[in-house]
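Heads up, the next two complexes both have chain A, just with different partners, chain B and then chain C.
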Partner chain A sequence: MTETSATSRPIPAAPGYLASALRIFDLSIGEMLWSKRTIFMALIVAAPVCIALLVRTLDLLGARIVENTNMPGPAIFGLMIWVFYLRFMVPVLGVFYGTSLIADEVDDKTITYLFTRPISRGAVLVGKFFAYLGCTVFVVLPSVVIVYLLIVPMRGSLGGSFIDLVKDLVLLGIGLAVYGAVFAYVGAQFNRPLLIGLIFIFGWEQAALAFPGYLKRMTVAYYLQALVPHAMPSDSVLGLIQSIFRESPSLPVSLAWLAGICLTFLSLAASVVDRREYVLEQ
Partner chain B sequence: MPIHDQSYRHYAGGRAAPGQAWAVIAWAGIRNMIRKRIFLGLLLFAWFPFVVRAVQMYIAANYPQASMLAPTAQTFRQYLEQQDFFVFVITIYVGAGLIANDRRANALQIYLSKPLMRAEYILGKLAVLFAFLLLVTAIPALLLLLLQVMFAGNVTFVRNNLFLFPAITASTLLQVLLVSFTMLALSSLSKSARYVGILYAGITFFSTAVFGVMYAITGSSTFSWISIGSNLTQVVDVIFRAKPRYDTPWSVSLLVIVGLVVVSISVLERRVRGVEVVT
Partner chain C sequence: MTKQTRYFLVASAAVLVAGLGVGLVAYYGGGFPSLSASRSGPSELSYVPADATVVAFANVREVMDSELRRKLKDAMPPEHGQQEFQNLTGIDIERDIQYVVAAMTSADPRDANGLVVARGNFNTTQLETLAREHGGVVQDYKGKRLILCSEVKVENNEVPGLPERHPLGHTMALAFLEPGLMAIGSEQAIKSSIDAQLTAHSITSNAQMMELISDIERANNAWAVGRFDAIASHARLPEEVRGQIPAITTFAVMSHIDGGVTGTLRAEARDDQSAENLRDVVRGFLALGKLQGQNDPKVSAMLQSLQLSGTGKTVALSFAVPAEIIDMIPKMHDGGGPRPPMPPHAPQPPSPPQPEK
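What follows is the complex of A and B.
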């Protein structure tokens, strides 16, 4: 009896929450980086680079199309940060990846394999969230730097606007984290996460920002836009109205709200994954 | 229980004439969507602007003090523009999974093993999206025109704006045709409806963002042909006899729209196949 117990292998202790999340992160980041979805993301982030390259080439050739406008490079860069990255790329990538964190596993019927491991279910979501963040940050931010290097030297100096670049990189990272957390919750909780996400970013956020009063405080964009060091463009009627009613909370208030939103929604998402029973399609 | 007759049993049902099977697919798709309560709520919500416009017309027709609310030809143009958001949402809700879900379930092979042509399959799927999109664009707009006559008690407005009926019909058909073909082509490219939805939203908003940046940099709207939505706006403006809002010639915008439909048809032709022949 004593001999049997001496030879049997002791059962290793289950990893803690953080260790589990790190293991899932390690597993997921490779899958995310080498997936078809990354091609979609690469196409999206390549477009601003192509446009920057085109504008720079036209400027070097002295084409009239660029001479007509007196916009200096830093202003064009600010415009591109607003229109491409802040209003489009960050929310769309947040929706796309955030809603897929759990929904993909459910669709592929592979969530069972993750849930049968001796780790907390919430840690699965947290690990995947960090993998999403790592994946998007390492694809989006280099694109911003390339656009910066191409555009800013046009009637501007790289050194003069370097601080703005750093601020832009930080705020884009924060944006990806906050939108990702919000849509991770939407993806974990609802059956039609994509539609809800798209209505939120292109319907609710756009409309709420165009109204005076407190409505805009119920958006992520309100706090995120307060961090932007560039002037808000009025490239459309909606943009013009939004710039009229624009009011910016202070930096600490914005950061506190963004951190609060991120942590709240991430914990909500983890708690939903912990409790919810996912029924796989037969 | 013994089996007495082991011979082949002939098909005793009716045989539909070729070219009619699309209606079965369309009707099944429509019924499937109508069963969803959330979708019905969305359709009701999409009719809310119609109610607001109807009230506006009623007040303008019955209270002379509110003459500033009287409808013009542009009221109908604005109404259709307001419906763009609902068109976007319904397109994603209904259209994203139309072919993608069949591809995911390997149902395409089953469909095409029946006496059903590929064109009929595509037409059936297209009809589902077409029906719901017309339900929130053309039908309420034409009903508004009818309501205006009924509230005013005369046909003066319609007689003075006789072009409105063909304008509403042509512009909504153009919009629905473009949106349906684009979405169906995207749906045939993937097995995931979510991926299709985000792809459609990405193309729509990203093309607009690119145009926005080019507009801000160059100070000219010549690049409006880049944006899918702007092309549609430009052509519909011309159809409604309004001043086009961009510098791009409307014929270029129309060409882009036609080009997109042709590309979509070509994608559908390549992707909707029963068996993949590997050479």
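What follows is the complex of A and C.
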């Protein structure tokens, strides 16, 4: 008996929560980056860069775009941040990636391999969330920088708009984190997460922002839009109505709420993954 | 993490760091605007004193040659004032003046010093003779020829707190600064202008104003920039009104006049919060205007051209009056006024009831 215990290999201690999450991050970021979903992300991220390139080329060829639109480079850059990134790219990437963090593993029937590891199930979700954040941040933010370098010098100064660029990068990072956390929970909790996510961003958020009252406080966009340093465009009827009833919470309030939403939904998502039994279809 | 993933992340981070680095260098290095600022604006800015609170420019030739001017001329009844002015001074406003630069060197109404510098073709002999005929005195100031007119007392109807008649008026002066360059303004303003040019202490050495000018002077044939805070602090406004004035430091108005008019009003607020408040106010007015004007497509089209933009402390409102709107101005040649609207057609009398067969 003594001999047997002496020859048996000691069981290594299970890694801690953060170490587990980082291992999952390391494993997942490559998978996430080279997945088919990245083609979709590349397309929507490339769109503003291509438009900026086209605008700049036409401007260099003497098309007088700035003069005809009466908008200098920094104003066009602000408009692009609103229209392309804040209203579309950040929520859409949050939905597509956030809802798939666990759902993809379930669909591929590979979740068993992760859950049989000696790590917390919640850490799997947190690690995948970090991978999502790394993947999207390293694709979206460079495109913002390229758009800034192309557009802002058109009757604007790079130096004068630098602080706004930094604010934009920070708020886009925060937006990706918060939307990702919200939809990670949706993906972990509900059966049709993509549909729910799309209804949330294109239905609920748009409608709630257009009504006066407290409803808009139950959206992510309300707090995120308060951080934007650029003027809000009111180019559509919905945008017009939203601009009438727009309220801007203060910076600390917005940041506190966004941090609260992110941590709450990430904790909820981890808790759901910890408790829920995922039945794989045969 | 695979090598491929690592390379991608490094390349992505490199783009991010490079872009931020360029922005940071531009931000701390004084930026590219200061490099271009010294070269911006018409050369006559060297005659505008450095402490000017408002500077304006108008390319008179371009405006006079514009389609808009032609349409307005067609629409308005013929007037003879321009011809009389030409007979007196020898200046044909439509052809002889290329552009003007105007400035206000003090915001205080007690000491308002206006200055207009005009570039063009002027008959100096005729102008000097005219000034002498009206009591003008010729004087030499640092090598420039000045014609001083007698002091004009100004009736005070608008400035509260000042006596009804007060020495607000200045000795007006006309100066021939260079061949083809003339200045009109108060004696003090003209002398300051000459000093500014000789000592190189002109508005071109004022980085704040030159940055504003460099931003707007290209592609606009009329513009004005100014320090709103300086004007507001000297304006004799009631306390109630003064408290409602937004915290604006500088303003810029720019427009391009051609077939129509396009332009932008831009204000620089004291801080981001003030700018956001101002944007909210403007946005509210715009939204209300757009909702009110939805029934009228012409008004709606015009209001749609109003575009609020701006970043950080900047608030900008651009507008466009297209040539189609200008075309709607009624011609005032016939009968001295616009044609009255046609009376509505008289309603047809009701048909008499038909007896049943």
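Methods note: the second predicted complex is superposed on the first by the 277 of 282 C-alpha atoms of A that agree within 3 Å, B and C clash if a C-alpha of one lies under 4 Å from a C-alpha of the other, contacts with A are read in each partner's own complex, and residues count from 1 in each chain.
By our rule, contacts are C-beta pairs under 8 Å (C-beta built on N, C-alpha and C of every residue); 3 or more make two chains touch, one makes a residue touch a chain.
Since we're looking at a predicted model, the values are computed, not measured.
After superposition on chain A, the partners chain B and chain C are seen to fit next to each other with no clash. Contact with neither chain B nor chain C is seen for A:268 once the two complexes are overlaid on the shared chain. Centres of mass aside, this uses C-alpha centres: at chain A, the angle toward chain B and chain C in the superposed model is 90 degrees, to the nearest 10.
In the overlay built on the shared chain, the residue A:159 is in contact with chain C alone; chain B does not reach it. In the superposition on chain A, A:139 makes contact with chain C only, while chain B stays out of contact range. In the superposed model, A:29 lies in contact with chain C only, and not with chain B. Look at A:192: by the touch rule set out above, it reaches chain B but stays clear of chain C. In the superposition on chain A, contact of A:79 is made with both chain B and chain C. Between chain B and chain C, it is C that contacts the larger number of residues in chain A. Residue contacts after overlaying the shared chain place A:51 against chain B, while chain C stays out of touching range. For the pair chain B and chain C, the least inter-chain C-alpha distance in the overlaid model is 7 Å. Applying the stated touch rule to the two superposed structures, the overlap between the chain B and chain C interfaces on chain A comprises residues 66, 68-69, 71, 79, 233. Of all residues in chain B, only 38, 85, 88-89, 92-93, 96, 192, 194-195, 197-199, 201-202, 205-206, 209-210, 212-220 touch chain A in the complex they form.
Note for the complex: chain A touches chain B at residues 37, 40, 44, 47, 51, 55, 65-66, 68-69, 71, 76, 79-80, 83-84, 87-88, 92, 95-96, 99-100, 103, 107, 192-195, 198-199, 202-203, 233, 235-236, 239.
Per the touch definition, chain C reaches chain A in the complex via residues 1-2, 4-5, 8-9, 12-13, 15-16, 18-20, 22-24, 26-33, 215, 218-219, 256, 262-264, 272, 276, 279-280, 283-284, 286-288, 290-291, 307-312, 314-316, 318-320.
Every residue of chain A that touches chain C in the complex is listed here, in rising order: 26, 29-30, 33-34, 64, 66-72, 74-75, 77-79, 134, 138-139, 141-142, 145-146, 148-149, 153, 155-166, 169, 229-234, 240-241, 243-244, 246, 248.
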